[in-house]
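Read through the structures below before going on.
Shared chain: chain A. Partners: chain B in the first complex, chain C in the second.
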Partner chain A sequence: MTAAPAYGPALDLVTRVRGVRGAMLVSGDDGIVVAEQLMEGIKGAAVAALASSLAARLRRAMEAAGVGASQFWHLQCDQGGLLVVPAPSGVLVVAVAEPDVNVGLVRLELLRAAEAVG
Partner chain B sequence: MTTRAVEAWTLEPLVAFVKEASARLVLVMTSAGQVMAQHGFSRAVDVMSAAALGAAIMASTDEIARQLAQPPFAALNHQGQRHGIFLGAVTTGRSKLVVLVVYDLDVSSFGLVQLFFEQLTAELQAASPKEGVSKQVLAADFERELSDSLNTLFGR
Partner chain C sequence: MADEIKRLSSQLAQDPDSLVFLRLGELLRLKGQFEAAHRVALTGLERHPHLADAHDLYARILADKRDYERAFDEWDMTLRIAADHVGALKGLAFLYFKVGDVGQAVAHLEAARQHAPDDPGVAQALALAQGGGPGAARAAAAAADELAPAVAAAAPLEESRVFAGLEGAQEGLLLLDAKGQVLGGALKDPHGRDVTDAVAAYLAGVSHEAARTAKLLGLGRWTGVAAEGQLGHVHLTPPAGDALLLVVRDRAVPMGRLAIIAQRAAGAARRWLEQQA
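So, the complex of A and B:
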């Protein structure tokens, strides 16, 4: 799957960052891919389903902790990482990145993409 | 919640699917509605109704696909406010199976069910007996077969 024309520019913001292996817009409620720009070998549907499930659990944990809504999360692994920003509409903007990516820059672009998606 | 199977080879894949997809209710049945395994149902009458309705929906979508000159639809998802219903077909070496899944939107999602349904499909295909054909239920034996299946499914 590729990005729908309207979402292409939003994903471009993220994928142009060096070290980003792919970006996706995921329906937060359904866990299905809305649009994606991924390098070969990344299982988009699986990442979308699991990231959405994780986002729902994190949201509940944050509500329980009384710290408000999640704005950004970063899962760091030995061979890369997953960075996620929930957009106001409930869509998740997801980036799959290499381990040495500039996390601050990816976060900034994810926030911009989330704003563009609405 | 208990998971029970009439055909033992369906049990392990079903248990794994229920755990991974956080499904609330699952039925594995033949395309004729004959139940092979279930998870989460507490009353036999619910199993019979769900199996009949699930098989009927699949038959209807198969017919729609046939009229459109398309291959049968692989799956169908229907989402309500609190629950979702997923119906998918699995072709095993012996026969075509239908899997009905009811999931809570609070704890699962269409994406998760779809993702782990692919795994369930592969596991059922691998576990399915390769030889022989599934036993046909004759009208004369239908009631006894149904009672036996329901007794197994509810541990009686």
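So, the complex of A and C:
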């Protein structure tokens, strides 16, 4: 697990939630990892690229649909999920979670982390 | 279709970076306006050079114009960007049939079947090719049919046929195929404007990317995407195969209730898709 010192506390907010396997900050523009705290075996760079691409598609679709920019999204899967909150700067705060995680709590911590990141 | 082309052209003029060019180029191609489709696809490619679907669209137009060499290059590029792009695999299979390389054609169709097991065109072409002898020629014809789907197939179906009886079936429910083509439903923005095609174009490929992300993370099969917007909520569900169901509601509808609405709509969409197979 590696995270730049300034971003560590923001990621700590997310990773301390039970059931979270890791968290990362991703540049929303190009899908590059800014900081990460991931469990071994998770391919951070690839996940960052795909999360960024999905976020861009969702953002444009939601804006076209007239519901405004995405504030939080959750990719739900059989064995867990990916939860994402865009920070005001465009950085994406991303959490990888187990299936039985408290989604509401992760969402709150992602929003707090996004606020801290700015 | 003419009105749709006009509307999409207008949208593209207002936002040249928009992915609406994919839908516009396809509609022009289906209408037989190959030169216009060619221009739209090429301009789109200049702005989105790393978009696999853009290369796939361009390849189909080139194939329609019988420029098979360049079509091959474009589908090859598509696969370099997205190795499991079903459209490109089918396109290359078609070209291999054209030059009589049945082995390569079947290999590409097999690869396409792995990623799109419910695609009837792939199954039909494979069945014919594996019959041997004159079957290879018939398989080429089947693959060619897949490359040039009927114009009617691109037209949205009456939503009553897909979402009959569901809450909000007249607006806020949309069923798409993997390429962002509308199968049923419609969307209007809060001002009452029809935004069906724009939203569909942006969502093309979401199903594929969600599946890739889930696979990469070892999270199994993806079952949905729930998203909160400033003014409303959306829920995406894969009802079957590569199809994608979108449900949109304003923020007054809680996310949990939206998930229930999406589940019911997915059931209806799944039944309808099975009937079409």
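Simple rule for what comes next: the second predicted complex is superposed on the first by the 117 of 118 C-alpha atoms of A that agree within 3 Å, B and C clash if a C-alpha of one lies under 4 Å from a C-alpha of the other, contacts with A are read in each partner's own complex, and residues count from 1 in each chain.
Keep in mind that, in the parts below, a contact is a pair of C-beta atoms (placed from the backbone, for glycine too) under 8 Å apart; a residue touches a chain by one contact, two chains touch by 3 or more.
Being a predicted model, the structure only gives us computed values, none of them experimental.
After superposition on chain A, the partners chain B and chain C are seen to clash.
In the superposed pair of complexes, A:A87 makes contact with neither chain B nor chain C.
More chain A residues lie in contact with C than with the other chain of the pair chain B and chain C.
Within the superposed three-chain model, A:S53 lies in touch with chain B and with chain C [touch as defined at top]. In the superposed pair of complexes, A:Q71 makes contact with chain C only, with no contact to chain B. Judged by the touch definition given at the top, the superposed model places A:A45 against chain B, while chain C stays out of reach.
Once the two complexes are laid over each other on the shared chain, residue contacts for A:V106 go to neither chain B nor chain C. In the overlay built on the shared chain, the residue A:V17 is in contact with neither chain B nor chain C.
Looking at the shared chain after the overlay, A:G31 reaches chain B, while chain C stays out of its contact range. After superposition on chain A, the stretch of chain C that runs into chain B among 1-9, 19-27, 73-81 or 163-171 is 73-81. In the superposition on chain A, the residues of chain A contacting both chain B and chain C are 46, 50, 53. Of all residues in chain A, only 26-27, 29-32, 45-46, 48-50, 52-53, 56 touch chain B in the complex they form.
Chain A makes touch with chain C in their complex at residues 41-43, 46-47, 50-51, 53-54, 57-58, 60-62, 64-82, 96.
On chain C, the positions that touch chain A within their shared complex are 19, 187, 189-191, 193, 195, 198-199, 202-203, 205-206, 209-210, 212-214, 216-234, 246, 248, 250. Contacts from chain B toward chain A in the complex involve residues 79, 105-106, 108-112, 114-115.
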